[in-house]
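Worksheet: one structure, shown below.
The letters A, B and C name the chains in turn, as written, and every chain counts its residues from 1.
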Amino acid sequence: MTPKVPAGVCRIALITDFGPGPYVGQIRLVLDALVPGLPVLDLISDLAPFRPDLAAYLLPALVRDTPPGTLFLCVVDPGVGGERAALALEADGRWFVGPDNGLLGTVARRARDLRALRVGWRPVWTSQSFHGRDLFAPIAARICGGEDLQGQRLEGPSLAGWDWPDDLARVVYVDAYGNLLSGVRADRLDPQANLSVAGLSIPWARTFCEVPHGSAFWYENAFGLVEIAVNQGRADKVLGLGPGSALPLCLG
Amino acid sequence: MTPKVPAGVCRIALITDFGPGPYVGQIRLVLDALVPGLPVLDLISDLAPFRPDLAAYLLPALVRDTPPGTLFLCVVDPGVGGERAALALEADGRWFVGPDNGLLGTVARRARDLRALRVGWRPVWTSQSFHGRDLFAPIAARICGGEDLQGQRLEGPSLAGWDWPDDLARVVYVDAYGNLLSGVRADRLDPQANLSVAGLSIPWARTFCEVPHGSAFWYENAFGLVEIAVNQGRADKVLGLGPGSALPLCLG
Amino acid sequence: MTPKVPAGVCRIALITDFGPGPYVGQIRLVLDALVPGLPVLDLISDLAPFRPDLAAYLLPALVRDTPPGTLFLCVVDPGVGGERAALALEADGRWFVGPDNGLLGTVARRARDLRALRVGWRPVWTSQSFHGRDLFAPIAARICGGEDLQGQRLEGPSLAGWDWPDDLARVVYVDAYGNLLSGVRADRLDPQANLSVAGLSIPWARTFCEVPHGSAFWYENAFGLVEIAVNQGRADKVLGLGPGSALPLCLG
């Protein structure tokens, strides 16, 4: 028996480490042909390359306040061409498609209501190296059309990344301003606490305009994560940190 | 009494310093939910970070030749979370939404027909640090829907940036080729004049193909601005200039 | 007599060297006004600047597996403002618009079914330096609307780039991961062959997950090209190569 996939997708949002270049565009061409008229949005395309372990902790924050009816097509897939399965999740009314390499593990674990499928359906042809275009995008289109995924229902604990920590005390993403986004939800920290990072004591502030120019601070960002920033400066340069850098945070 | 906002928005164009990353995409998700079906275009997302003073002079040039019916959602907002107001402008048949920090001052001052509102309406919730997504995008959606902004009509001179110079003799933007876009309209300069910049004498040319490879020149760019370029080279590297650099231009 | 242009365009895909910045966005604004409702996708915007000679060999690979009904608006145009003609091609059921500077030469030469027009129609006004926005985008819109291009039919051999080599043994593009895409179709090489590049012997592999982390290999990429990559590393840094670098490949 193949579980039925719910309808109601209003739009597809792309979440990748593809960077600038043709890969996002090729996916959009495929989706425009398969689901004409459905809005397709590029939510983020500069995730840290090859690092599903970091993206796993940005992903639930990125989608936290997004409107209902969105399908998130997620690809950070260094093991493309290997044995990892293709997943389709429904998590608290949102859909996710991507590789079973941990990228979707944190979203799945935090969901109150989760349905996870290992997708059995395969297109007639896929390249060896671009499953975002050739496998995951067609799977997303099938979900939009309510078509059979030939799926095998999975229990949460069998998903890659299910046993990873609740929060990740590392830099998971550096944005274009040089702000350091951590994998730790801000409500896990005492808001009065100073952080000690790279030999500096970093105080909390509500937001940028409350600290002097050039000063480092941490705050709860608009996604709910602990973020370290420098007002009108680059925290990555000031602190010498980048994607994957450990942050010595005391989690409550 | 709240002034009525005109209808007739055909599309929204985004003008930000957000860079690559999730911020533009999150705004697009919000707009797709609030005004489904309305085209949303990313006009520019790599304005010089934190510099509304520079962007103010690129903005009127960027929108000069754009089709009617466009609402420009403009966010360069280093003071987010502080006291600056939210603005909605109608300027010569175009709409602008953004912070009252000078970003919209030059557009307003040059308009022949200007209506400016300080927007009083607020969403139920906004983050402290991402008003582009949480405040300005919902305001733009309300304009599209003809909904009340609870606006207070402002006179031009009360807008931030109204008293800034007519043109700005600085580099306001460096494009992907390394071309240096100034904040000076080309019709303010004598087209026969050589510019003296960074110790070099820089002649005028009509366009790229009229100067030798590797030569610096200035020309009126496709937006009407004085632009300094190097044919098939990078003017920013050759001249050692970047966003904010002063250009010793003699304005007529 | 002006040849009739076929209808049936479902979407426009943009292929440029414009990089981030306002140029792609300005084209999208123009197209949204001229052909409202037609999907416009950014396929690639970071082609090597000023290098139609390289892009000519990426282009047919990029479009190889794309859905029918797409018009490709292609602009790598260092000679803008000069004498090169504007082209409209129909090649094997795909449409291409761009400058006659070689950019479209390889696509044309490889087509089984080719119709090429030198476009005579001109808009009322064009800037000197931005024909992507002011000339090529309006031409694309006219094709979508089935309007007269005032075209002169050309024979293939009169197109720029028609006499360039069948494949180009150079790096034609470096993607965001640092992978080196060549201008050589993979079926031109012996798949058992090691490549000798930058003093290293580079073996073939099926895809990334089949070589150790940090190892260089070559493979047939998802576009059918010979690509040199390093598993979870940057081939451009490891090998010291970039756009235009010669690759000593023995073509069959």
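FYI, a contact is a pair of C-beta atoms (placed from the backbone, for glycine too) under 8 Å apart; a residue touches a chain by one contact, two chains touch by 3 or more.
Please read all numbers here as calculations on a predicted model, not as lab measurements.
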| item | value |
| --- | --- |
| Labels of chains that are neighbours to chain A and to chain B | C |
| Superposition of chain A upon chain C: rotation angle, C-alpha, nearest 5 degrees | 120 |
| Shared interface numbering between chain C and chain B [over half = same, under half = different] | different |
| Centre-of-Cα separation between chain C and chain B, whole angstrom | 31 |
| Multi-partner residues of chain C (at least 2 other chains) | 19-20, 46 |
| Footprint of chain C on chain B - complex, ascending | 10-11, 13, 19-20, 39, 41-46, 62, 65-70, 173, 175-177, 206-210, 219-222, 231-232 |
| Residue ranges of chain B in contact with chain A within the complex | 18-23, 25-26, 28-30, 32-33, 36, 46, 49-50, 78-82, 127-130, 133-134 |
